[in-house]
Every structure is written in structure tokens, then in C-alpha cells.
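In the part that follows, the structures are each spelled out as C-alpha cells.
Each of the next two complexes has subunit A plus one other chain: subunit B in the first, subunit C in the second.
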Partner chain A sequence: MNTTFWKYLRHHGQPFIGLLLILILGTVLSPHATDGTIVFLSPGNLTDVLLQQSEIGIIALAMTFVIIGAGIDLSVGSVLALSACVSALFMMVWNPHGPLVVQVGLAIGAALAGGALIGALNGLVITRIHLQPFVMTLATMIGVRGFTKWLTGNVNVDLAFGANPSGRFAELFSSKPFAISLWIGLAIIAHLILTRTVYGRYLRAIGENERAAAYTGLPVAGVRLAAYVGCGALAALAGLIHAARSHQGNPNDGVGYELDAIAAVVIGGTALAGGRGSIIGTVTGTLVLGLLTNVLRLHMVDSNLELMIKAVIIIAAVWLQRRSTGVHGDL
Partner chain B sequence: MISRKWFGALPALLCLAVAGCTSQPSPYKYTVVFSQCNNSEPYRAAQNNAMKKLWSEQPDVHLVVMDAQQDSVRQIAQIETAIRMKPQLLIVAPNERAPLTEVMKQAVEASIPVICMERDIVEPNYTSWIRVDNRAIGRMIGQFVVEALTKKYGEPRGNIVEIAGLKGVEAETNRKLGAHDIWDTYPKIKVVTESVANWSQSLAKDRMTEILSAVPQIDVVFGRSDPMAIGAYLAARERGRENEMIFVGIDGLSGPSGGISQVKEGLLAATCVYPLCVDKAVEIGSQILRDPGFKPDKIYTISSRLITPESAANSP
Partner chain C sequence: MLECRNLHKHYGGVIALKGVSWSLRPGEVHALCGENGAGKSTLAKILCGITAASDGEVILDGKPVKWSGPHEARQAGLGIILQELDLFAHLSIAENLALGNDRLEGSAWISPAVLHEKVRPLLQDVGLDLDPSLPLGQLSVSQWQLVAIARVLGLNAKVVFMDEPTSALTNDAVERLFGLIRRLKERGVAIVYVSHKMDEIFRICDRVSVMRDGEMIKTTACAETTIDEVIQQMVGRAVAATRREKISVTEKKLFEAREISTRKLGHVSFKLAPGEILGVAGLVGSGRSEIGRALFGLSPIIEGLMTIEGHAYLPRNPHDAVRHGIALVPEDRQREGLISGMSIGQNTTLASLSTYSRGGWIDREGESAAAAKVLASCRTKFAAQELPVRSLSGGNQQKVLIGKWLLTQPRICFFDDPTRGIDIGAKDDIYRLVSDLAGKGLGVIWVSSELPELLANAHRILVLHEGLCLGILDAATATQEDIMRLATGHRL
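So, the complex of A and B:
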């Protein structure tokens, strides 16, 4: 077990070392609250980070699949906004009466179906018409944003508070236990799919060399399509958490989320060229970004610096990837 | 391989560098966190400057300004982190009503005194709310516009274009309602179109450029903030139509690029001072810090005034 562990760490260890060092330094440097406790390590603070990262974390899981399949999905931020707005519209405008389960159930169902549908559109055009993933998802990113703004008249749809179904929905989806366990649960499932199923093997093979995979008779189009459908659906799920946390559907939200998700995936060691990557790495990458922001915020560092440091880390991660694949060819 | 492993340490080293620069033993007795919704608007920058200046007169207070960059989710996350720091006072200028309601409740529940500045939230989750009567401001501007149109045509009639701020924000809603309280009593005064520019001067310029192509006759442009009124003015000037209409705004900041100067220079026909609320926040805030027996009011209302070329001459 020991050799396997060290081998894994040697090949995939870079994000973990980063995470570990952030944890150690976060603890050492942590400011103390006015009552003397170490703020960084307090369960409240650490779960704050998990909650704050749950949206990007969930999107990044699906993005890992798309990227391993040698694709990219730029539309996730727009899908998140669409899902947040559709769910809010269902509960507040289109279907404001009726029993809680029906109202909330319909809102969730419609939002998830919408996300999956856009994912399917992406996947179909990419696999059937062979448009480049970058171009196709760039187009849906723009189009879905426009659709969302049109749907809402570019006005935020606020959720209600208290016993109203939308209030209950917000309470549940923004609660720490729910959002965090949803993320962790999905991460475990994604990890198992990627490492223990035929689908995961096919996806890696297709990402590594699509033509070879096609010659050996793998269902290339179906496998890639499924990755995009999953990505749309999970972006919509993140949109539900987003709506609950911000207590509204805002057609202008989620801008740049696709880049945060891609950053988390890349920092986690997944190759942008496809073929290789891991869910554990992606979760680690998401945590690295979240904890980094947290450490800086606890030190009241200017929020613009957060972005600059994020940029440096992304460059470093990609550089490292290229270097390691170039030199060793085994990462 | 070694260099690769060390490279993984980069994020943490960066943290160390940045955080290290900022972590020294605190000489301060009190920490005050000011959660600002968006530093990049001039009105907000003026608030920040006033806030820094007034608190710096109290050397035992450490003021931290957090910029949410007009992103409610970012502001929620920043306040969540601020709550962990257990500051002695939290001042919030909320970005939007509904999103900030829950997290400000968490702050109150953590026994942190919370001052809510100018924009309100859905439930009264604050110790005190320092408000400005935006509806009264809207009426002031509405009345000015009626008088200006009467002067132009001999009777109250004309076409008005409205440039709106962020929808769902109390200031946007009530400034509009206030102006319409007045205009709706004059059937010949018509709002021909309303466009949303989210308080941004550049967005207002873009929206106004489109409006100028679509609307042949405009008498008044009502920007729900001075930067948006100026954005509309710049668009009209590009088309050479700036003299056909007047521009009115709200904010009335002092200083060379503030609304009062713009009224003096004749770019704006009028503006209404939207007080920064900072004086009151610092006054109440320091009483909360220093006097355990102090019971602040739930709501403080700050009054406003209209700035026209005549009254601007007497303003700083």
C-alpha cells in the first residue's frame, strides 16, 4: 500500500502539497478572533469555505469529465444563471401557489432539465456537426445568457422569506449540511464513475486519442455527449445552490464561473489536452482556491490581490503540467 | 522532481508573503469592518474616503474596508468571513435587498452590532439603519422637472427618458416612485422609455446612444444617479443633441468630478444630494463601541437637498 501511495503522491502530489501548505500556513498565520480562538481552524470558518466553494466545486466535477474527454464547456456560468432564474421564476411568478413539494419540485426539475438540455445541445453539435467545443460552448454561453436576460426582462427575481415555499427552498439549498454533503456525495460518485466503470475508461481513451478510440469501436459520440449533458445538469444544480444562497435569480450572475471551474480542474492536475485527470485532484484544486481566498480575506487583504494571486497559481499549475508531461510523459 | 514538489508550495508561499506583510500584533482595541458593495462607483469611493478619514481620528480603531465589486454572493462570503473575525462593529452598505438579508441576520445572531447604510434589506436584521428618503428625493427631482418643462413650453408637458439603476434596489425603486408621484398628475408629461444601466456611466452612455436613435424628441433625461445622467449626456453630445434636452441626476457629490460641479458647469440641470450617511454611521458606531449603555435608534433618516445652478454657486 505504501509504495502505491508514494507513487500516487509523486505523480499527482502537486495540488496536495499546495493544499497542505496552505492549511499549515493558514493555521500558523491565522488571526485570532477577539475572544482568542484561531479563526482559520474554527469549524465555522472551514465549513464556510466548503459552502462558498460548493457551487464551483460541483461544476468543476463535471468539467473534469468534459476536459478529460478533450473538450471544454464555457457555458456553465450562463447555465448557472439560467437555472437560478428559472427556479426563482417557477416559485415566484409562474407557479406561486400550490403545495410546497409540487412548487419546489417543479422548479428544481425544470432547472435541472434546462441545464441538461443545453448540455445535450452542446454535446450533439460537438459530436455530430464536429464544431470545436470552444466555439460551440462559447456560442451557448452567449446565447443562454441572452435567453436568461430575456426571460427575466433583465430584472432579478427575489425569493421570499419564511414559510413560503421559495423561502424553504432557499433555507434548504443554502444550508451548510445540504450543500456540502451534496458536493461531497457527487464527488464520490464522480470519482467512482471515472475510476471504476467502463464509461470512465472509455472517456480517458477518447480524450487520449479520439481517432484510435473510434477505430477500436468505442462509442465516441455517446461518451462525449454524456459528459456534456452531465456538465449542463451539474451547472444547473450549482445554480440552485446559487439561487438559494443569493436568495434570488439574477440573470447577470455566474459570469466567469466557467473560468473558476476550469482553474480548479487545471490546478488539480487534469490535462487540458484530455486523457488524464482525477476527481480527487479537482476537489483539491477547488479547495486550494477556496482556502487561499479565505486566508487572504481573514488577513483583510485587498480583494483585487486575490485575483492576481489566483492568476499566478493557474499559470504555475499549467506550466508544471506541461513541464511534467514533457519531461516524464507519465503524469 | 524536487523542484516540482516545491512548486506545489507556491500558493502557500504567496499566502505567506501577502499575509505576512499584513499580520503584525494589533495595537488596536476595536476592529470595525465596513462591507462596501462596490468601490468603483464615485459615490461609494466618496463614502470609503469619508469612512477612512473619520475613523482614523480614533487611533484605537482598526477599520477594514471590504469591496464586494457589485457582487452579492461575494459580499455574502466576505461578511461570513468577517463574522468569524468577531469585529466589534460591522457596517454594511448592502448590494441588494434579498441576498444580504440572511447573512446580516447571522451577524446579528453572532452578537455583532450591525449598521446598515442607506440601502435597506428585506427583514430588519441590523442594529440601526441609516436611511435617506429616496422617495422624497424622487419627488424633489420630479417637481424640478415639472417646473423646467413648464418654463420651456408654458405648460407642464414633454418627453422624459429614464436611465434606471440596479433593479430591485430600494434607491432605484423609490427614486422612480417619487418622481412618478409628481409626474403622474400631469397627463401631458410622458415617460417615453426607461433603460437599465445598473448605476454605470458607460452602460448609461450605451443605452442612451440606442435611445437617441429610437426617440426623435426628448426633453428631459432623468438618470437615477449622476454618473448615469452624465453617461447619457455624453451620448447626446456625440450626436450633437445635448442642447435639445436637460439632464437631471441624483448623488450631488462635491469635488471636481462630483455632481455639484457638473451642475455649475451646466452639464446637469439639477441634482439632489444623496448624503453619504458616513458621518452618522461613525457617530453611532463609536457610541456603540465606547458606551455599553447606548441604545441606538432602529432607524435614522438623513435629509437631502436639491442642487440647481443657483444653489450650486453657494455649495463647496
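So, the complex of A and C:
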């Protein structure tokens, strides 16, 4: 057990080292509260980071699956906005009749179904018509954004407060325990699916060598389709948290989320070429990005500088991984 | 004028040439022939600077030369028309002809009008009446081949290598090519004609050199030899001891193909009995892999019918074929067989994973036990199942792929040249494995480039030529010469 742990760390340790470095950096550089405690390490601060990262974190889980299957999904940011707006519209404008639980349930169900549907559309076009994943999901990214704006008339849909459906919904989905445990729970499930199930094995085989996988008789199209459906559904789930946290459905939100999610996946050691990657890496990558932002914000560092530092981190992380796995020497 | 002495070439552990010495006279048409993998293309590529020899020397006009690359060889007047055409589909005919040709490219700026005027005579030479501005992608394969020839002509080459130039040509294009070869010869250009088409060789060549297993067997004047003699020199290997088991002649049919046609096969019919090993012989491109692709749902069947145990069988995709008990060990291990980043064990169980899983969850212990058992029965040598499959030798990788299919408990196995590029010991293991499979009542279809291997192991041998089945021979009485004659398009 112990030796396997070290072996794992040696092969997949890069993101952990990054995480450790940022934790140390954050602790050393952190401002101190008036009572002398380190602000960065306070439970409130750390759980703030987790809550902030839960949206990107959940999307990144599904993105890991898509990328391991040698695909990409650029539409997640738009799907997040669609989901936030659909759920808000359901609760605030369309007002279906019924008890509170039913109203909230319908809103959630419709949002998730919408996300899964767009994922299915992506997956079907990619696997049946063989459009490149980049092109297809770029198209849905644009199209879904337009649809969301049309649906809302390009106006924010504000949620209400108090003991009404939308108030209760916002209270629940924006609460730290709920959002964080949702993310962590999904991460554990995703990890198990990837490492312990037939589906995970098939996905990695297809991502690494689609032709050989097809020649082995694997259901290539179905496996890839499922990854896109999952990605759409989880982006929609992130959209629910987003709506709750911002207390509104904003059709212009979520722009650039796809790139943040991809960055987290890549920092976590998943190869964009497909076949190789881990959920543990992705979660670590998401935390690295979140903690970095946090460290810099605690110091009031200019957010433009923050972006530049992130760029350096992405390049450094991927370069270090290539060195340790020897990928660059394979050609 | 062009000569080589004692050339050696090996790719990793695979030896392609062993001590080849050969010479070419000015103005002659010289045929290089041999079976697949005899070393013809390798020799041509070394002489033209495309690959470097491991050892030995190349002499041009009395002076030893060492090419830094194909460009230098081209400057010295050696042009080659490759089998895998090195042209660019997105560029126009004229641009393709000008690429790498200093005379046509002239300066850094190319005026299309001037270039088109310059290339017209070249196109007329090969009988192509086309607008030079057409992108190559719009041309047929045959026209494409003629552009490749025109490109070499544009170099004013002293020596032209043609590697299977007629394989993609229509009949009248072949005639035009032969006319062109005669004209080139009159201009004093020497032509090296790599081919296995005997009738063509005897029509236009002056001398013929036969290669076999990386060695130069003999060079003779065409006038002094016969097709039969050349075929004999090509195959001339000792036939290994027979190992196939006698199959009881039953009327039982496991599989039958009735007049099946695909894009590359025309009306091929054959039957397969349980326990039978049906060998498939044919040159590369004869459609021998296509039989497997049809069987495995990779190539759509245009016409005809396949049956398994009397039931009609029409696979929609490989997934469907596997469910019907078909297994296919592909020709290209790296691209079509292995998931090279995965472990040995995971590659072995990939096709039968659902057997060791419950509700989608993999039973890891059951999985590794099954893999261990089948890998042992295939005599695979490996240190640990967890190691990446790419760490294995070619022979052991092939055993992993065979093991993968054994775990699916197939009824029919298609092996596509399973012993290519692997060492003798591993070959023997694979022969034994295949016979064992047949002994258990499976039907085996076995494509091979090595005729002795088929003669020793198969019960019957189906010979393909350009997508047509020219005969099914009884392996007990057939000879290598018979097969080679059919494979090169001559009836018995």
C-alpha cells in the first residue's frame, strides 16, 4: 500500500507539488488578522476557495472525461448560463403550480436535462457526422449563448429571497456544505468510474488509439457520446450553483469558463491528446488555480497580473509533466 | 554507372538487406523483383538517398557517394517514383512538379503563367492533357501516378527508379508508360523497374535482378531466362515441416462467403469448415486484408452473402462482429492492435472486459487471473502485467493480441500476417497456437506473406490477385510456384 502510494506520487505527483508550493507560498505571504492568526489558513478562507472553485471544479471533472476520450467541449460556459437562466425562469417567470419541492425540482430537472441534451447533440454530431469536437462545440458554444439570450430577452432574471421556491433553491445551492460536498462527491464517483469501471477503461482505450479500440470491437461512438452527455449535464449542474451564488440567471455569465476548466484539467496532468489523465489531478489543478487567485487577492494584487501568473503556471505545469513522463522524447 | 557493394540495412532488430551488391548500366531497363519484404524498395530508397544504409557503399560513375538526403541524390540525377506517392493533394499540378526542382522554381517568386508554360511539355510527355493549375486532389489515382512520373522527368534524371509504377494505372496508361520508358531509354536514361508483375518485366526490361529475404539472388538478361525461372528464384525457400492436423472431412460448414464483393474485392467465394485453417496468399494490395475487413464489419459488403453456421451474417461494425464470435488480429499491430500506453494485462482483457465485470464494475482480481492464464498459454514472456505493453518485443506484443481474442472465445479467427517482423522463436509459438485453435474446432483464416508458412500450416490456400480469387489450392499438393503464379495474375 505504502509503496504503491509513493509510486503513484512519483508518476502523478507534479500537480501535488504545485499544490504544496502554493499552500506554502500562501501561508508565508498571508496577511495576519488582528489576533495574529494566518488569514490564508483560516477555515473560512479555505472553504471560500472551495466554494468559489466548485463550479469550475464540477465542469472540470466532466471535461477530464471528454479530454481523455480525445475530445474537447467548448460549450460548457454557455451551457452553464443556459442552465442558470432556465432554472431562474422556471422559478420566477413560468411559475409551475405545485408544492415548493415540485417547483424547485422541475427547475433543476429542466436545467439538467437541457444541459444533457446539448451534450447529446455535441456527442451525436461528433460521433456520427465526424465533425471535429473543437468545431462542433465551438458552434454550440455560440449557438447556446444566443439561445439563452433570446430566452431571457438578454435580461438578468433575479431570484427572490425568503421562503419561496427560488429563495430556498438559492439558499441550498449556494451553501458551502452543499456545493462543496457535491463537488467532492462527484469527484469521488468520477474517479471510481474512470479507474474501476468498464466504461473508464474503454474511454481511455478509445482516447489513446481510437482505431485499435474499434478493431477490438469496443462501442466507440456510444462511449464518446456518453462523455459529452455527462459534460453537458455537469455544466448544467455547475450552472445551478452559479445561479444560486449570484442570485440570478444571467445570460452573459460563464464566458471563458470552458478555458478555466480546460486549464485545470491540463494542470492536473491529463493529456490533451487523449488516453491519459486522472480525476485526482484535475481536482488538484482546480485547487491550484483557486488558491493562486486567493493568495493574490489577499494581497490585493492586480487581477491582470493574476492572469499573467496563471499563464506561467499552466506552461510550467505541463512542461514539468512532459519532462517526468518523457512524452516529448517519444517522437 | 550506378553500383552498390555489400549494402546492409537493419531497422532496429529487423534485417532488411544483408550484403547486397548490384550494378546498373547506362540506358538499360533493369527489373528488381522479389516477394513482399524481399528488400526491393529498401534498396531503391538507399540508392536514392531516402534512407541511409547501415553498411556498404554506393558508387555513381565510378565515385563513391554518400547522400545527405534525397535532394542531393536528385541533384546528381537520381529520380525516384515511390509506391506511396509523395505528392501534395492541395497543390496544383504545376506546383507539385516545381517542388524541389530548382530549374522550375527558378527564383523565390514564381509566376503561375510562366510555370504553366514550363510544365506543359512534361505533362505532354506522360500523356496528361490537363490544366496545370488543377489541384492534384481532383485527379484520379492513375493521373496522380502520371504526375509523379512527370515530376521525375522534370529533373532531367540520369537514373529513374519506378517502384511498382503500374499498380495504380489503367491499361492504356500502362501502355503510355511503356512508350515513355522506351523513349527515355533512347535518351540514355537508365530505369530501375521495381515490380512483381512478370509479364510487364519481360515486355520492357533488359535485365532482371531477383531479391529474396534481403539478399540479391541473381541478375540475368531477360532474353536468357523465363518467367518460371524467375518465380522459382523469388520463392526458393525451403518448405518447413508440415504441422497441420488432418481434419476429418465433414460436410459441416462453419462459415461461407458466397460471391462477396466490397470496394476492393470482386465476387469472392469460399467455405470454412470447423477446425480448418484457410490460408490467404496474395501480394500487398491484392485485397487479402479486405477479406478480414469484410468479415469484421469494417468494409461494407456491396454484393453477396456471408453465413455462419447457416445463418446469414452481415456485420454492421466490429462490435457486432465480435458478438458473432469473430476475432481479427490486424496487420498493423501498433495502429490497429495495441493501446500502447495501457498495461499488458489491460490490453489482454480489453475485448472481453464485460466477462470480468458486474454492473460495469471491473473485478480486478478476476481480470488479472484471466489475463495471466491466457498469456501463459500463449507463452508470452513478460515481467509483470502492470508494465506498459509497448515494453514488449514484437513477438510478445503479437501474443498479447492473440491472447486478447482467445479470451472472447471466438468461433472464427482472422489472422492478418501475424508473423510479420517477429523472430523465429515467436513465429513457432504462433504456428503452434494457431494449430491448437483449429484443433479445438475454430475456423481460422490466415493471411501470410510467407508462402512456406502457409504451405506448412494451412489446409487450403486461397490466392488473390487484384481483388479476385484466382484459385483455392490444396496445401498438401500446392507448390510455392503455383501460388506465386496465381498471385501475379497468371492462371495455372
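A few comments on the model shown:
The definition used in the following text is that the second predicted complex is superposed on the first by the 315 of 331 C-alpha atoms of A that agree within 3 Å, B and C clash if a C-alpha of one lies under 4 Å from a C-alpha of the other, contacts with A are read in each partner's own complex, and residues count from 1 in each chain.
We take it that contacts are C-beta pairs under 8 Å (C-beta built on N, C-alpha and C of every residue); 3 or more make two chains touch, one makes a residue touch a chain.
The shown structure was predicted, so the numbers you read here are calculated from the model rather than taken from an experiment.
Once the two complexes are laid over each other on the shared chain, residue contacts for A:142 go to neither subunit B nor subunit C.
Residue contacts after overlaying the shared chain place A:216 against subunit C, while subunit B stays out of touching range.
In the superposed model, A:189 makes contact with neither subunit B nor subunit C.
In the superposition on chain A, contact of A:93 is made with neither subunit B nor subunit C. In the superposition on chain A, A:197 makes contact with subunit C only, not with subunit B. By the touch criterion defined above, A:276 reaches subunit C but does not reach subunit B. In the overlay built on the shared chain, the residue A:102 is in contact with neither subunit B nor subunit C. Look at A:311: by the touch rule set out above, it reaches neither subunit B nor subunit C. Once the two complexes are overlaid on the shared chain, A:41 sits clear of subunit B and of subunit C alike. Put subunit B and subunit C next to each other and count what each touches on subunit A; the higher total goes to B.
Contact residues of subunit C toward subunit A in the complex are 296, 298, 317-319, 321-323, 328, 330, 335-342, 346, 350-351, 353-354, 357, 360-362, 364, 404. Only residues 10, 13-18, 21-22, 24-26, 29, 31, 33-35, 39, 42, 44-45, 48, 52, 154-156, 158-159, 161, 170, 174, 242, 245-248, 250, 253, 288, 292, 294-305, 309, 312-313, 316, 320, 323-324 of subunit A touch subunit B when the two sit together in their complex. Contacts from subunit A toward subunit C in the complex involve residues 196-199, 201-202, 204-205, 208-209, 211-219, 275-276. Every residue of subunit B that touches subunit A in the complex is listed here, in rising order: 1, 4-5, 7-16, 18-20, 22-23, 31, 64, 66-67, 69, 72-74, 76-78, 80-81, 84-88, 96-99, 101-102, 122-123, 167-168, 196.
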